[in-house]
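So the structure is just underneath, and the comments pick up after that.
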Amino acid sequence: MATPRTSPEVGGMGHSIKRKEDPRFLRGKGNYVDDIQLPGMLHMDIVRSPFAHAKIVKIDPSKALKVPGVLAVITGETLKQYNLHWMPTLMSDTQMVLPVEKVMYQAQEVAAVIATDRYAAADGVEAVEVEYDPLPVVVDPFKALEPGAPVLRTDKPGKTDNRIFHWEVGDRQATERALAASDVVVKQDIYLPRIHVASIETCGCVADFDRVRGKLTVYMTTQAPHAIRTVIALVAGHVGLSEEKIRVVSPDIGGGFGGKVPVYPGYVIAIAASVVIGKPVKWVEDRMENLQADSFARDYHMTARLGAKKDGTMTALEIKTIADHGYADAAANPSKFPAGLFSICTGSYGFPNAFAEVDGVYTNKPPGGIAYRCSFRVTEAVHAIERMTDVLAQELKMDPADLRMKNFIPPEKFPYKSVLGWEYDSGNYPAALKKAMDIVGYADLRREQAAKRKRGELMGIGISSFTEIVGAGPSKQFDILGIKMFDSCELRVHPTGKATARFGTKSQGQGHETTYAQIIAEELGIPAAHVEVEEGDTDTAPYGLGTYASRSTPTAGAAGAIAARKVREKAKKIAAHLLEVSEDDLVWEVGKFSVKGAPQKSKTIQDIAFAAYTNHPQGMEAGLEAVDYYDPPNLTFPFGSYICVVDIDRGTGEVKVRRFVAVDDCGNIINPMIVDGQIHGGLTMGLAPALFEEITYDESGNIQGGSFMDYLLPTAMETPKWETDKTTTPSPHHPFGAKGVGESATVGAPPAIANAVVDALSHLGVRHIDIPITPEKVWNILKEKGVAE
Amino acid sequence: MGKHTIKVTVNGDAHESEVESRLLLVHFLRENLRLTGTHIGCDTTHCGACTVLLDGVPVKSCTVLAVQADGREVMTVEGLEKDGKLDPVQEGFYQEHGLQCGYCTPGMMMTSCALLKSNPDPTEADIRRAISGNLCRCTGYVNIVKSVQHAAAAARTRQQDARAGR
Amino acid sequence: MIPASFDYHSPKTLSEAIDLLGRYPDEAKVLSGGQSLLPLLKLRLGSAGHLVDIGRIPGLEYIREEGGYLKIGGRTRESALEASDLVRAKYPILADTAAVIADPLVRNMATVGGNLAHGDPANDHPATMLALGAGVVATGPKGERTIPIDEFFTGLFTTALSPDEILTEIRIPAPPARSGGAYMKLERKVGDFATAAAAAQVTLGGGGQIERAGIGLTNAGPTPVRATAAEQFLKGKKGDAAAIAEASRLAAQAASPSPDRRGAVEYKKEMARVLTARALAKAIARAQGA
Amino acid sequence: MALEITKTFTIDSPKADVWKFLTDPERVARCLPGAAITQKVDEKNYLGTITVKVGPVSASYKGKVRFETVDEASGTAEIVASGQDVKGKGGAEMRLKSLVVERSPGQTEVTATSVVNITGILAQLARGMILVLSDQIFQKFTEAMRKEVRKEGQ
């Protein structure tokens, strides 16, 4: 990015100003859901099923009701009276709030205990007696598709199998022909395991129904408060909750990463309890509930075929996927995209032919299919193509960097229409890879590797040159339950020249209070310090679809810029009036309008704001404010090249990430400090599933990895010192050329790490290892190849 | 069952409360004293979001009983700022962007404070080791390491200034 | 996650604590650092009617050499062990061990006595104490008795302590000259229990041959494992690569680990071998330098 | 999680005594540490409880015992015991198949296969422990069984 246009005092784009949200967090004065304490507030705790699939024979609350402090036990039968025992998912599927007939996964909600404090509620949970009659458990999605497999969704009339959806994109026949005509075709099964975002704050809410006013206020850990309000109105409209009487407040959020987009049963039960009892009800998950019952990510079983000419030119790509969604499709994709944006799977390469298909499957696992800090299913797509590129390089005995350079969509071809239908807005892939190779010292590393191999030491170098697709999205294609995926800003400039800007998104650590203020500062010259940003309260903020899929800057950020430009338009009229010149005679420079050729004659935005309330032209409305609902013309396509260097312990199979260089291109940057922070965090959430995190199930449906004892979040000791750099290719269609960055690194890092490990072992004939690459997996290979210590 | 009267000094203020035996220190701080800066993240002693100083030593307050703190001193994030001046650790986290969502931050800072007390000039390896009982999901730790280094330098400067009578 | 109700006692003297344990024979549990016990209670996997906190009894936290032994008070915190100059200089195997138990914050509460008395074969001190040939001092209504570490671990989560006894001290024979030890642990991440770990303590003779070797394995069976065949084999051998290889092979044979997410049986046994070899090599190097 | 353990052992008792034992749930329960039959529903169905304790960890299950197969001619008996943790934390099912063969007069060989399936929190957190425990319980059971069969036979 070029030098900032604004002064440090104004703090517009390109300034690493310190974060406006930090003072409260640093003093322990954040306001997270569990910090909210309302008069008379009750606590809710949830009875969960130890069985993955079982009929509910009987729920006996009598002992629980005798526990001191326990006031009520809510069951599916209670909710059934109000027809609230089922609810829709964001993917137009249905899921239980509380079961009436059977449970479908281990840790599913079975009943809720309402008590005067959380200790009593926990005691009550233990005292609720539930009798189950276990049913056959289906955990393997391939077995779930076999004829004769037990049909899990017996609630769906006429459902005779466990298939949820079939989705495909591209030309199947043409791709098949192109593969047949290729000089070389490599094929690989690639599994991206089930993982969980595990934000350090779990999910929860405080539901507060005011019987007198008939108003429901819900403080909720949600990334999308407005959409949630609409969902509540749709689900509970029939019991009298009307949208204008519902206020959803998303307070400070301790990390979201996609896990706080869905509506969880706990929220609905707490709301129902508050409405019925007439008191505030707090529900906050513990960590095991969070890992075991909240929406998971990934769980994609992919089989990819990649065809190429002898010289390495890629000719065709085909990926077939079985997607394990658990017992309900509770993904949070745009509604028309059951497999999200998986069709970005042609990646950074110019494929003439491609075909992808995904089949969604029901199993006895928690529902989901949400993102894990990535745009919808983009990590899966990028992992597939970046792994396959290395598999092909190995087959052709080509250097993986050379193979990438050969197949990159050339910079001059942008905007580029991909064979699977996307119009990539901009890109310069060779520049990013070249920069990463220079920083890491690629040629030297290859020499070091060769020398080490002679000594029997194992080191590997892995590249990932990913393309992301974020900023959903244009209303012609993108909606959630019919609501178009625009986002919004409402900007008010006050008489003294300070501003309040409200947005439809919701920060969970991304620093919107700072970066949005910088956007306004850039556009209006009002210092960022004097722009107050508000989000997350549906009573005050304009409607928006929320923060996930790296959409805030591409959509709401754009709305902020456009709203500011609307304000500037009006300001220009006022300035013309004040300076007694025609609007055409005015020029704008940061923070002021001045008369062409007479720069001493000018009015600052502060002068103009004051005039807007005190001396506005007759016939013009007073005030200085604007609203923008921004409908992006296209998505944005951030990209980057990552290079990872690993060393492998031949005795234990441990993988040590020695270096990791990340060159990112997210277009124009609002706050470089924050962007670096986003990349560091994203890289760590890329490292995590690459080497550590995984949720599995045994044949009885028992979750493995359901606590932090076995779900392994990397600490500072496992995390390398990330090295970051940038290239800048502005988005041509975004108002200030930005692209979104929060998730690029999560998407790009896993294949770089996997490629590095495979590279370390490639001379032994190893071609692929599924993530997470655990020491045991590596050791098994070392042993099989006869090189274990 | 089993109530106990405990006297705990928290951030310099003496508190006397009657608590149940099983009350966890973190709940005592958050709910009885309404000091909600100390967070809960995992319940199984893995995440460190609940870290407080107990007699100056960082511990996970979700795995300490309130009764165990009887007669002892607890310091939480709310006690870091003195006379309107941020602690060097708070200043370091602010300057080096050592926090994002802010949820792990109080625990991370309490651990860092204790580290700097015992080791005023820690290496990067020392810092990484010291904070390895505190999980952060947002920052990737790079800027947290820088924040602690920043704090170490600032604390040294403050001490020198104090010695020089400035 | 909230524990079920219990009553809490904070005796000021050892005898008061022992009385309490005797008063509630089936219900009372000793609360030392609480870093294993409280999570169990919070998960409601276990229950206790009474917790007897030994944290307010003076004189249970110390590390000192006395009468040919290193004596560690039962309530000595892991962090104290880790920071002790005496331990670092003379008992590096203990410093190695303390440094890899759970994480630094847990080590500020967790105690050496608790780590042993919990009887968890996944804990780290048992293997080290086996390698060192330690003795465990139990204090009960009839006074003190010393239990040799080899007799201490009687089963999964069970020890030779009677319900009314408290582990008050660990006694480690002071190593002769030319002794060295090391503890090597493979863990999936900081804070995890060992996939496998090995403790090795050796004493070399004047000619460099091994006079005594102690080898203990962590998480290698229902109880902590002492690799006696390997120890026997090493006696009188020069600590060269061949001897280390054979001893570590023998040590792995003594392991009967359970499969879990850390690894299959074969992997864990092989890791016992690899880590024993590494621990032995380091122990011998330290002994040579001592 | 299903754990299968098979043990073959010889008892110095006639086959008839062994058979009598294996088809009497009350006696079988007596040999299982912590187990008890609380009610006989009919010839093939019983209700019972079992408490398993390992150090600080304990779990109590309440459930049913059912004879699936009782075929004296082939010497095969199959008992299924299934129960739920009284605090709602999980379930356990044990399928015990026994094959009883007379090796010589007064010498009976028993091949017992137990398949234990555990669901819930113990299966999440304590897989290794369950393995060790199942083995220990089975070991104790077979030891107690020898004594019990001989005692009754005398």
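Labels A, B, C and D are assigned to the chains in the order they are written; within every chain, residues are numbered from 1.
Operating definition for what follows: a residue touches a chain if its C-beta (ideal position, glycine included) is under 8 Å from a C-beta of that chain, and two chains touch if they have at least 3 such contacts.
This is a predicted model, so every value here is computed, not measured.
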Result of counting contacting C-beta pairs for A-B and A-D, higher pair: A-B
Between chain D and chain A, distance of the C-alpha-averaged centres to the nearest whole Å: 50
Where chain A and chain B are represented by their mean Cα positions, the distance between them in whole Å: 30
Centroid distance [mean C-alpha coordinates] between chain C and chain A, Å: 44
Distance from the mean Cα position of chain C to that of chain B, given in whole angstrom: 30
Residues of chain B engaged with two or more neighbouring chains: 20, 22, 43-44, 46, 129, 132-134
Contacts with 2+ other chains: residues of chain A: 118-119, 126, 286-288, 704, 707, 709-710, 713, 715, 717
Interface hub residues of chain D, defined as touching at least two other chains: 87, 89, 121, 125, 127
Every chain pair meeting the contact rule: A-B, A-C, A-D, B-C, C-D
Chain C-facing residues of chain D, complex: 54-59, 87, 89, 121-122, 125-129, 131-133, 136
Residues of chain A that touch chain B when the two form their complex: 18-19, 21-30, 32, 34-35, 37, 118-119, 197-202, 252-255, 257, 286-288, 508-511, 673-674, 676-677, 679-685, 707-709, 713, 715-717, 719, 721-722
Complex interface listing, chain C residues touching chain A: 1-2, 4-5, 44, 103, 186, 188-192, 195, 261-264, 267, 270-271, 274-275, 277-278
In the complex, chain B residues that touch chain C: 1-2, 4, 20-22, 24, 43-46, 48, 51, 57-60, 62-65, 67-68, 70, 111, 129-130, 132-134
Sites on chain B touched by chain A in the complex: 20, 22-23, 27, 30-31, 34-44, 46-47, 49, 76-78, 80-81, 86, 90, 93-95, 97, 99-106, 109, 124, 127-129, 131-145
